[in-house]
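The following pair of complexes shares a single chain, subunit A, combined with subunit B in the former and subunit C in the latter.
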Partner chain A sequence: MSYNCIVIVREVWDTRDLTGSVLADNGSIKDSMLTRFEPEDMNALEMALRIKDEHGGKVTAFSVGTPKQVDVLRECLYRGVDEVVRVDAGASSLGTQAAAQLLADAIGKAGQYDLICVGVTVADGESSMLGTHVAGKLGIEQVSYVDAIEEIGEGRVVGKRGIEMGYEYIEAPLPALLSVGVALVEDDPRTPRSAKAMLKLKAKKAEIPSADVDASAVTSPVSIAGREAVPERAVESKDVAAEDETALKSMLDDVLKGE
Partner chain B sequence: MSAEDTVKVDAIVVGGGPGGLAAALTMAQGGLEVILVERGEYAGSKNVGGLFYGTILNQLIPDAFKQAPIERTVSKRSITYLGDGTHMSLTFGADAWSQPPYNNTYVVHRAQFDRWLASQVEEAGATLLEGMVVDGLIYEGEGAGRKAVGVQLRGDEAFYADVIVLADGANCLVSEKVREELAMPGGKIKQEYAVGVKEIISLPKETIEARFNLKDNEGVAYDFLGVPFEGLIGGGFIYTAKDSIHLGSVARIESLVESGFTPSGLNDRFKQHPAVSRLIDGGELLEYSGHMLPEGGYDAIGSLTANGVMIVGDAAGLLNMSLYKEGTNHAMESGMYAGQAAVAAKEKKDYSRSGLALYEEKLAEGIALKDVKKYKDLPDILTSAPELLSLYPKKINQLMVDYFTVNAEPKAVTQKAAMKNFMKDMSKIKLLRNAFKARKLM
Partner chain C sequence: MSNILVYAEIEDGVVHDVSLQCLAKGREIADASSGKVDCLAVGSGIRAAAEGLGAFGAEAVFVAEDAKLEQYLTSPFKKVVSDFLKTNSYDLILFPATTVGDDLAPAVAEALGVACVLHCDGLAGDALTRLEFDRKVSTTYKAEGCTIASLKDGIAVAGAPDSSRSAQVSDVAVELDAASTKSKVLRRDVAKKTVNLKDAKIIVAGGAGVGTKENFSLIEELADALGAQIGATRAVVDAGWLPADHQIGQTGVTVRPAVYIACGISGAVQHRVGMLDSGKIIAINTDKNAPIFKIAHYKIEGDLKEVLPKLVKLIKA
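Right after this comes the complex of A and B.
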């Protein structure tokens, strides 16, 4: 039996090698900030692609908003996704609930599906709730922090979740939404596949279809009201001779006192 | 694999630095179907330089300097000798350098600039495949008729093309392999390498402008030699970007090994010189990178064309390591010529070595090879007369400091003592001989 899987993917700020100030003078995030494919969404994508590899079927990727630097939908095509859908976010930046509403609208129009996979945590908002909200709006079951799919079939899916001292297995009826956790790491044999040259060549300039949903009809009850940078701490360096114990001690005292 | 699954295009470029991008751009503009393979996450992600000469760029993309992400234009340059607690500079500039096209000399952030250039190349019709590594080329035929017909991507497909432009940079593993496999004659001498490290240090725009005496978008390119680099064939540089400073040092690898310095240790030494440290005072380190430079010069350049293959840029050894330190522009020029040769080869349907001969003909007529040839003795001079970079500037610096030392002595006494100090340990014959050699440095 084959399955139709949906993945929700996001482009997020790349916070790996942050240096210097993140905010511009007007309080917005600087243009020079880099972005990346949300790594847990990448794990969710891999999960969906493996179901297709094993059981056949189709994988469709959805993403909200226009790309900044990394076009995550195109990256999905490079890895073997069958279809992609861009969901227009409108002019304003969306809260998690509004984004979930738009995604649910778009997914609802996309036809029959068996499974939705999405990464659990997102580096920018840290709300971790997008999957939960989408499942709620679609009225389907959802399981959070799924690290792997143990089995799928007979109208149900069994997810494996890492817990303290072991694993637990959670069963849910299809269609279901799985929020995928962090267990797929770099040296894990389940590591997400990289882009394939042939797919990249074909999809590099492919047109990305947009979902027929109305962003202006969706209002967000929760939004970011403002941002404040942590004030920079002025640090004055001091030269202390390594052999001067008294000076070293006094420097240590200063550090401990927080001076 | 069925025939329709085989990818065959006119040209494949290996490497997304300025040389590869210029080649891809020229070929795409000439109507060729082009694939460029870059192993980094994006074009330019493996590049380090910050000073960019734009003559070829402005030729390939008219008025490119108006749209490209340029940090500052260079309105002032200087050469500084750093002594022990002393320093001596020669600073120069021209008003015209502050006017378009700004002497074609720009300071850029390579991560941004190369990506912009890559977007122009894509717009012209080439397809960029980033994040993919070329393991080697695929060949057909044997002996003199052996020709390259495609590239093998690591853990992935093989793509085929009539012509392959190798622009894999200073550490050119693919080119080296291809040279062997196609028996391409090497240069007179083995390629020699330098290694450079660069820090990007953040400072407020206003601080940079006040510290370097700059207006608007003006910037500086300062070169340094002297005590921090004693015993090494190398030097340091500072370029000003908008709200950051590029500071780095470069030294010949063997001289580093002999002296026991690490590249980062050398850069720290350079940074700590009082005349340098005050320029970056209060700055915060944003980025740290390292890169190799081919410094063997003209004699290390081998044959650059084979059946179905052209080698461009740093991989070809086309770097001018004199005070101009011109690499990117040369890479772009060679890339442009290789692109033109490929376009001509397509018309003739001849991609053999002789069919691609136009590349080396154009190269011989162009600026890059002539400049590298002009400085062909430089590696030798620097090795045989280390006094040129250390003893002489040190002596002149001391002479100036002694000459202008203000004390209770009459000036005649001070000046005489200064001259005496200057001539101490200086062999006049050697000085003459070295002065003769030094003319080739300029």
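Right after this comes the complex of A and C.
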């Protein structure tokens, strides 16, 4: 049996190697910031693509944003997604709940689907459960912090959910939504595939269709009242040579002082 | 005036520490605004623990008990909590930012059509703040009307119980329909808690870089020499080298020891968020570009098999 999978992907600010402030003088996010594919969304994409590899079917990627903000959709095409849909958010940036409403509207219009996968978003230390909001609006079952799909078939999916002190295995009827929260280590067998050169050539100029939804009709119950730069964590970092016993000793004396 | 409801997460008859922190924070806000703080506990076999919430500052405790609620699942818990909130009105509903709280809070917000802000580390009046962009920005959110929030570990200190205080305890009727019982928990692999990482002064933690289960003896020797507890990353737990109660990070515990020695830990964000606030961080790694070095006070680029025995020798000397 084949499955129609939907993946929700986001382009997020890349804060990995950033030094200095994220904020411009007026308190908004600096224009010069680079963006990247939300890493847990990438894991969600990989999960969906593997279902297609194994069982057949189709993968459709959805993303909310202006045409400039949806390079991630092209990235999805480069990795083997069948269709992409851009969901226009209008001029302003939306909160999680409003974005979830638009996504649910767009997904609702896209026809039959079996599974929706989306990342949990921890890359920046914050967390937003976009998936739970989408599932709530669509009225489907959902499982969050999913590390892996254990089984899919007979109208159900079993997700391995990472919880404090272990895992639990949740069976949900299809259609269902999985919020993927994988902590992948390097060389993990679940590591997302990279873009394929052939697909890149094919999809480089592909038109990105947009969903017929009305961003002006959704409102967010939450608004941002302000942003403040958090001073850089002042870590006085010392290099200690592994073979220098005197340096190691003085490090130990220093940290164990008073302990 | 703020009327606050705290969701009391109870596991194995014990109220989750972050729920107690939410209660302490709620108490603080309610006291400042002549409001009240109540608790709602949902589950099976939770009554004794729920009754104890009065001593932690709850005025009324509502208990929704049903054998079908023994294990957490989104839909039935969402149904119970949102049914309760349809007949009981609160300005603010606080959940612990755990894998249960962060799952349930947005689900309930959707069921009720109210605002939701997760992972807050500050709450003052109606302003909710959250660290974002790799902790470089603190964003303040304001919500209209009833607001649901999850609060992170560290939001407040869960005070000692005051036995002179007690709460009025009442039962909540549980009505689960077919629509809310479609999913099920097939199995749970959860470790019993054998270590107390939260109160540890010194933690020696190992990551994937330790290489093998046998190599953990190096970590144990160092921990023994220091009188430290042993921590681990998810990768270590997944590999079966240590049980899950040792796990530090996003789905493990959040720790703030005076000294944190990270051995063979690359420093993925999921781990970092659980140990960033340690007093002094020593990182030992063969990869000089490991992200853990960015937050370490002492950076040792080298092989654990050589460095750890050296440290043990120096401590014992």
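Observations, loosely collected:
Criterion: the second predicted complex is superposed on the first by the 212 of 259 C-alpha atoms of A that agree within 3 Å, B and C clash if a C-alpha of one lies under 4 Å from a C-alpha of the other, contacts with A are read in each partner's own complex, and residues count from 1 in each chain.
One rule holds for everything that comes next: a residue touches a chain if its C-beta (ideal position, glycine included) is under 8 Å from a C-beta of that chain, and two chains touch if they have at least 3 such contacts.
Please read these numbers as outputs of a predicted model, since none were measured by experiment.
Contacts of A:G111 after superposition: neither subunit B nor subunit C is touched. In the superposed model, A:Y145 lies in contact with subunit C only, and not with subunit B.
In the overlay built on the shared chain, the residue A:L201 is in contact with subunit B alone; subunit C does not reach it. In the superposed model, A:T132 lies in contact with subunit C only, and not with subunit B. Considering which of subunit B and subunit C touches more of subunit A, the answer is C. Residues of subunit A touching subunit B in their complex: 19-20, 32, 194-198, 200-201, 204-205. Put simply, subunit C touches subunit A in their complex at residues 71, 73-75, 97-100, 102-103, 105-107, 109-111, 114-119, 127, 130-145, 147, 182-191, 193, 201-202, 208, 226, 233-235, 244-245, 247, 249-253, 258-259, 266, 268-273, 276, 280-282, 284, 291, 293-303, 306-307, 310-311, 314-315. Those residues of subunit A that touch subunit C in the complex are listed here as 13, 15-16, 18, 21-23, 29, 96-97, 122-129, 132-133, 135-137, 141-145, 158, 161-173, 176, 181, 183, 185-186, 221-230, 232-233, 235-243, 245, 248-249, 251-252, 254-256, 258-259. The touching residues of subunit B, counted against subunit A in their complex, run 5, 7, 35, 112, 127-129, 131-132, 153, 156-157, 159, 202, 284-287.
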